[in-house]
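Labels run A, B and C following the written order; every chain starts at residue 1.
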Amino acid sequence: MHGIPVEGFMYPNEVELQWSVLIVLYPYITGLVAGAFILASLERVFRVEAVRPTYRLALLTALAFLIVAPMPLQLHLGHPERSFEMYLTPHTSSAMAMFGFVYLWYLMAVLVLEIWLDYRRDIVLLSQSTTGVKRLFYKVLTLGSDNISPQALELDHKLGYIITIIGIPSAFLLHGYVGFIFGSVKANPWWSSPLMPVVFIFSAMVSGIAAVLLVYMALCKLHGEIIDMACVDTIAKYLFYAFVIDFSLEMLDLIHRIYEADESFRSLDFMVHTKLYLPHIVIQIMLGTMMPLALLAVTQVIRLNDAGRRMLYAVAGCLTLIGIFAMRWNVVIGGQLFSKSFLGYTTYKIHLIDREGLLVAIALTILPFFILWALIKLLPPWEDVQGEHLATAYGDD
Amino acid sequence: MANLKNAVHLFRMAAVFAAGIVLFLIVRNIFVPKSFGQYGHYRAAALKEIADKPIMFAGHGACEGCHTDVFDLKSKGVHAHVACESCHGPLAAHASDPTSLQPPKLDVAVLCVRCHEAGVAKPKDFPQVVSAEHSGGVVCNTCHQPHSPRIGDAATASAEKSSGGGQ
Amino acid sequence: MNLTRRRLLYLLPAAAIAWDAVLAGTPEAAPNYNMTEHWWGFLIDVTKCIGCGTCVQACKAENNVPDGYYRTWVERYHVADWNFENPVVDSPEGGLHGFPPSDKEGGKNFYVPKMCNHCADSPCTQVCPVGATFISPDGVVLVDKDYCLGCRYCIQACPYGCRFLNPQSNTASKCTLCYHRITKGLTTACCETCPTGTRQLVDLKNPNDPVHKFIETHSVQVLKPQMATQAKAFYYGLDGSVR
């Protein structure tokens, strides 16, 4: 049937997977958004001065990924032209429907607003100094106001602060909701758990922080800038803390499952040891969690020189990103590989060229970086247009 | 606290947001289907659309009117509670216009064993045989009249006119 | 045939009855169907099922079900001795062409037809983001295929595996309890063609419905009661090993 190999017994309609790699990509992307934003909020709200060089970059990274986030969903839908129905007649009992509004809220009322407020001075200056289409673009963004007096900027700054404060629970809501979309499905014991939103949030933070760390280091290298070591050291420290919490939560889930051993346990256990061995045990746990944790722990315990630490951060960052992707894979795909009869397993057949195939998934993973590149060109993250360093633009908080 | 002059851009941004919300509400009013919400959170018109789908099986009540003789024969035998279309397939088109669809000839060899081939999971009191041993390759309706299949039933003896028997 | 007067006397009332029955099968009939008077359910008597697969074929014909997908299907169970936590189950093409001979020795063997349970508190309608799947006022869980986005959340949420994505319409699809038939006084295609009376439609709002009376007076079960979905497909004689 369908040419898909089945072991044991599956209900006939379960053989074909419903949610593909694109649905793996979607929580991964929103996770990066949430994590990047939390990093930005570290500076803005929690006054962690050291990470200031990455503040604007983190916001732009979040925006680039948030723009791409709905794309895997649209490509997955049977009728993408009807997706607007979620805004017309949202079913309030459905987590997926309410998510449409959470997304819109986060995009417009948090991210876009915060970026606009933070960049407004630069936007006004750029609207005066550029020509042609670019000039028109910046002019529109100024909303016709060129007031960049200290009082106006002070107002922007205060409002931005409030928005960031609202933004932190909003970021948790954005990604926690995705966790809830899975965690609230009682039919699926691999997903159904109150821990799911929490695990998703913390793994999001881990991936988002790692992403900004890597983007910052890469961007500095490309621009010939010196990497601010105090900054990356601090980011790595927060990455380590988030990772410890994330790992503890996942271990809690695992130990709890093994101990309670409910009706689903044997089937799931078998699946993890066979079909999910590579993505779960090897990639997610060993390479994607224990390795980066060990590398980061080393930097906390042993004094290494700058180059050594940068290397370890880069490696840890890359492994983290791969590991968190694997985690999403194991949740989404893993949750569909076993039968709800607990008597069998199916196989995920991913096609190369398909609306939901591998090439599309790869393209969607790369696309945010192109968007980020464009955003960086339009809204330069570290220097304002007159070359003053960000730190002196507002003075001390 | 703040000079209103310095907040002009903020008011403009608020206006953009307000305009967006108003636009959304207008669009919503236009596009939400009219029958939505009448009985619950769904398009009530869908109920009629689903109920209006074409019917393929006429139902056992439809056959009796024209095929009275077979119907009577069947109702006295052990296949009394087997609907005509159970074996003959969907025939609503035939029932509404008999000339439009001629019921297909049935492949007796396949049809009978579908129910009556012996199987471990079948209820023990259900009549089942190992067909290879039972008839020695002879097709079922050589001995059994499908509309009254039990050999020795009174009705069978006089059932020359009814369909079946060597078809 | 020869139209003698005697024949006509027999034929006319027969024709009238036939005409009524024919009318019952046409869409324009049954204008007096009132949704609020019915609350549909189903009864499956597992002790009678012979695994012929006629119901699966009938459903496919009545509802144009695409190949490889099933609005209803039949499973065959083999339970060795008392080991009912490890049944051996098969369902070749959902039982569409019956079942090949079993290679299992001894133990308990039986067939279990499955279908949408038309749950009164269904998790599938709960998770639909737009209201494309819903329970009708007469208790049938339906999909509005002109509104469904094809997000597949409902398919994930169903504990029973009864939903699928129809590849022709790209919308979620499942057993509709032959809504187009039962609203016209007919029974479902699977009940109509089941040769042993295993499958029976029941109107839980009708106290005189004999099937309703049966459910009220006999021990019946539902699948996965722990899911608390208020399933309305009742089973009689369901073994504890059934998943």
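Methods note: a contact is a pair of C-beta atoms (placed from the backbone, for glycine too) under 8 Å apart; a residue touches a chain by one contact, two chains touch by 3 or more.
Source: prediction; values computed, not measured.
Chemist: Based on the touch definition given at the start, go ahead and assign the chain network to line, ring, star, complete or other.
Modeler: complete
Chemist: Looking only at C-beta pairs in contact, point me to the busier pair out of A-C and A-B.
Modeler: A-C
Chemist: Among the chains, which has its CA centre at the largest distance from chain A's?
Modeler: Comparing chain centres, B lies farthest from chain A.
Chemist: Any idea how many Å lie between the Cα centroids of chain B and chain C?
Modeler: 9
Chemist: How far is the middle of chain A from the middle of chain C, if each middle is the mean of its Cα atoms, in Å?
Modeler: 44
Chemist: How many angstrom lie between the centres of chain A and chain B, each centre taken as the mean Cα position?
Modeler: 47
Chemist: Can you list every residue of chain A that touches 2 or more other chains, as numbers and ranges?
Modeler: Residue numbers touching two or more other chains: 88-89, 91.
Chemist: Can you list every residue of chain C that touches 2 or more other chains, as numbers and ranges?
Modeler: 131-132, 147
Chemist: If you look at chain B, which of its residues touch at least two other chains?
Modeler: If we look for residues of chain B contacting two or more partner chains, we find 36, 41.
Chemist: Which chain A residues qualify as touching chain B in the complex?
Modeler: Residue positions touching the partner: 84, 87-89, 91, 108-109, 113, 116, 120, 142-145, 147, 149, 151-152, 155-156, 159.
Chemist: Residues of chain A touching chain C in their complex?
Modeler: Those residues of chain A that touch chain C are 1-2, 9-14, 16, 18-19, 73, 76-80, 82-83, 85-86, 88-91, 93-97, 100, 181, 184-188, 336, 339-343.
Chemist: What residues on chain C touch chain A, complex-wise?
Modeler: 68-70, 73, 75, 87-91, 93-94, 114, 123, 126-132, 147-153, 155-165, 169-171, 227, 243
Chemist: Which residues, counting only chain B, touch chain A once they are in their complex?
Modeler: 2-3, 5-10, 12-13, 16-17, 20, 24, 28, 31-32, 36-37, 41
Chemist: Would you pull the chain C residues touching chain B in the complex into a rising list?
Modeler: It is residues 10, 14-15, 17-19, 21-22, 24-27, 35, 47-54, 58, 61-63, 76-78, 97-99, 101-102, 104, 109-111, 131-137, 142, 144, 146-147, 176, 179-181, 183-184, 186-187, 189, 192-197 of chain C that touch chain B.
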